[in-house]
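What follows is a pair of complexes built around chain A, which joins chain B in one and chain C in the other.
Here is the complex of A and B:
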């Protein structure tokens, strides 16, 4: 009998699950479980394994600091939102699309501000993509076709660890059978030599000063137009011209836009201009390096309902919306224009500037999350929820806009965030 | 006791850029209140020249502050080959966010990756704990 029959490879590992560690939503994850806990997670990255195995300090159900049952916590949360004139509903990036739609309905009902993390990260890029202002593609297109991949202000080796191995650099694809060795050119444009920059061969790391991305873009645009590329920081002209040549020859190019680039650009115009030129001389696509697993889902779901991806305020009576920077989570907190907040699957006290987030501790605050967080420690009400993609299912939208189904793997006593939000809505 | 203790520790101005670190992010997934998360978060990566200017050794604590906040973190030598005096790196965390300016120029987007601080040796003052940041 051939040897492989004895190996039993894959006998217990036949079902694949989705990792919710980031917006790559890797769908090739195998798990082993015991007593409704994941004991082993196969194929995921370090961060994904930690996410799926769940945190070591789950959040408790509390009202005013005291342990509470779920019914009284939901009643209290409903009362807070009902009594508030201008509540804020924030988070959403770590929720299923189904939970997000309930949250949008709750915001409409309570006349709330609604915003998510995209408001201070990938928002402008995702907005331009959903409005068809950038040519984009799927991660699968990148795996099968991409030959020139620019990581601009992006360091997926740390932020999206399997981006390079599943899609953008290492794999063999249908039209890229020789993978990274011969078929793909990786380019890093960044202010520091990131881990991703160090895999870019042949000096394809372009280090630029902080805040000068727009100027480098302008220089690259000149080079692509056959002009001499000039920068105030005297970047080697030959290197820019040579880079322009590589980009011109690309059959299927991608710019993976990281936060470094998003934060550096005061407006998207330089990137629009560069993309326009690149698509005159070559074939280039934009990929937003979205962090939270369903941030893009929230942006698309809100866009479908209101025509905006984030930064909204509903009018409770008319259902009309107001939109703009004034309604962003940062400005709403800075200007103290909200008087209560519901935070779902996010920790703004950790992720926002402290001087902005501090105000959250002064108003009635509700947190829904599987894990204890800084925001939870300052909340009036904390309601633990099931961990998305592990203890509850639904759908989510990957960074490239592809919808992915999340399956429930193990049981939990916690309600899903969708169920909690539905019950709060019903109680109002 | 040496004479040095009576001298003010030198203070330098730095520009900070924040970054992501998969190991720190993994620790955060396990517990935001764990020792590992603090060890991997409460750090500042400095150019060797700036370490000298501060008269500290790698591993010493430094006070990093500006008009928006103040934290005590551990000084690490950055591993980049190219020098970057005057620029330091902090991993995105509640420690860096304590220093990110609240001003956005009306855009709603704070300058997470480009802000100024001053740094000064902390003379063995302890690292700011996550619950003390607030």
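Here is the complex of A and C:
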């Protein structure tokens, strides 16, 4: 089972809140409020501030395009899901763990397909971690111990702005007291010179052709085994040997796996082999660069209930589950095998290819979200909810599997997504 | 030459040279110089400028700054939100703000050419002039 800790952030540091801008869940945020609104946010990055200061365009409660009250919207949503033979419940990454558990119960009750964004991003890595197939660690371990950090297909300077400053490169840790210049080595392996690669400096940046990550892993494996590393793209052998030497000497190494690497690998086997070799000669861990603040929470909650992290369909009568690629959100929409959809805290019409997402606009669609989105504009029912971590509390799971408590900062008239989902479930 | 040095050191302003301001033949030079020196007006005593339009609030400078580490080892130095009033950098509303610049290692008689904040900025939002 994954490492599962519980940090009760609010007990002794009552003035600190948690940022839900990304899956780092930074828990050192101070805020200033006025008239029940956040006027200033301290320590959060620009991405976090944009989320915490609430949306500029809040979503309205609507049924069939007309303004409606919450009760009729919930009744209509319940009717849609009840009448559907194969509904889809999608999103979850921006919901609290409590809301996710209610959504899983709702999917079980309605015999729905249930999936989240991990289905087309970090899913394979998180799945391998929760199944104990990769050696992993916590972000705090990285802060205190990591001396070699590889950002592979990842650019946290843009995706998780505080990753390097809070955990992976710049902070002093218990076993890394001399600072980043002397105590840590940051390496970037990517298809382009990202902002993170520029921080790693040219001699620690390994630019490889698109889609050749597996081959570079093979070459690195050869170098770690004392063989001459060869690549079809003729990468400088000396540089690969030099990289292998740095990795061999690592006391506590981490590979931060970004979407670039996940999308490049057709299967995880090359990464398994590399990790196995690295742990023969050294000590390496995997850290998935999870995007949405509670995507890993959904994966772990679903895994605890069903043994799968995503891509599921429940049988409403037996409660049994079917799992596989054809139950993923992409395939379910592509094959038009769902006849209604409930989207929670996500905007699939913006994030999925139009050829796949277009079908969503053809079926009864329910959106639960604090903010207006493209998906909301095509929805039959829209129900505004409280903003997680700002207007409602709960718990969420950080990218490393550590559970973090979220506290409510300001009041709102909107119900939390957990309350809305509970009421829909009750209405069904 | 002395005036130019004072100008760059922000000990003098362009307007402090009477002939530059009043004589017609220097008008073009005065305008060009004002344009060049203009951005320097916002800099701190150490010559530090934070381009807020470029900053993403990652906090790399906050944590990497040797003065922040020395003055706040358990806060900024450990990657957490600053817990001391003596830090030079602090992130507010997603953008880094410079303060206590007299603490900067580039300041004072024993100044040194520290570039920790510039080197660690992914968006090149910090510069010294």
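As a working rule, the second predicted complex is superposed on the first by the 412 of 428 C-alpha atoms of A that agree within 3 Å, B and C clash if a C-alpha of one lies under 4 Å from a C-alpha of the other, contacts with A are read in each partner's own complex, and residues count from 1 in each chain.
In this section, contacts are C-beta pairs under 8 Å (C-beta built on N, C-alpha and C of every residue); 3 or more make two chains touch, one makes a residue touch a chain.
Please read all numbers here as calculations on a predicted model, not as lab measurements.
Colleague: Superpose on chain A as described above, then tell me if chain B and chain C fit or clash.
Modeller: fit
Colleague: Which partner does A:179 contact after superposing on A: first (chain B), second (chain C), both, neither?
Modeller: Second partner only.
Colleague: More chain A residues touched by chain B or by chain C?
Modeller: B
Colleague: Figure out whether A:47 sits in contact with chain B (first) or chain C (second), or with both, or with neither.
Modeller: It touches chain B and chain C both.
Colleague: A:264 in the overlay: touching chain B, chain C, both, or neither? Say first, second, both or neither.
Modeller: The answer is first: A:264 touches chain B but not chain C.
Colleague: Is A:28 contacted by the first partner chain B, the second partner chain C, both or neither?
Modeller: The second partner, chain C, only.
Colleague: According to the stated criteria, A:372 is in contact with first (chain B), second (chain C), both, or neither; which is it?
Modeller: Only chain B; A:372 stays clear of chain C.
Colleague: May I ask you to decide whether A:347 touches chain B, chain C, both, or neither, giving the answer as first, second, both or neither?
Modeller: First partner only.
Colleague: Touching A:199 in the superposition: chain B (first), chain C (second), both, neither?
Modeller: The answer is second: A:199 touches chain C but not chain B.
Colleague: Between the C-alpha centres of chain B and chain C, what angle is subtended at chain A's, in steps of 10°?
Modeller: 70
Colleague: Contacts for A:161 in the overlay, against chain B (first) and chain C (second): which applies, first, second, both or neither?
Modeller: It touches chain B and chain C both.
Colleague: Check the superposed model and tell me the shortest C-alpha distance between chain B and chain C, rounded to whole Å.
Modeller: 7
Colleague: What is the shared patch of chain A, the residues that chain B and chain C both contact?
Modeller: 45-47, 49-50, 157-158, 161
Colleague: For a test of understanding, state which residues of chain C touch chain A in their complex under the given definition.
Modeller: That would be residues 55-60, 62-64, 69, 73, 77-82, 90-95, 120, 122-123 of chain C.
Colleague: For the complex, give me every residue of chain A touching chain B.
Modeller: 21, 45-47, 49-51, 55-57, 119-120, 155, 157-159, 161, 191-194, 207, 210-211, 259-260, 263-264, 311, 325, 328-331, 334, 347, 349-358, 361, 371-374, 377-378
Colleague: How about chain B: which of its residues touch chain A in the complex?
Modeller: Touching chain A: residues 15, 17, 19-23, 25-27, 29-34, 68-69, 80-82, 84, 87, 89, 92-94, 97-98, 100-102, 104, 106-114, 130-131, 133-134 of chain B.
Colleague: Spell out the residues on chain A that touch chain C in their complex, using ranges where they run on.
Modeller: Listed in rising order, the residues are 16, 28-30, 40-50, 143, 157-158, 161-162, 164-167, 170-173, 179-180, 195-196, 198-199.
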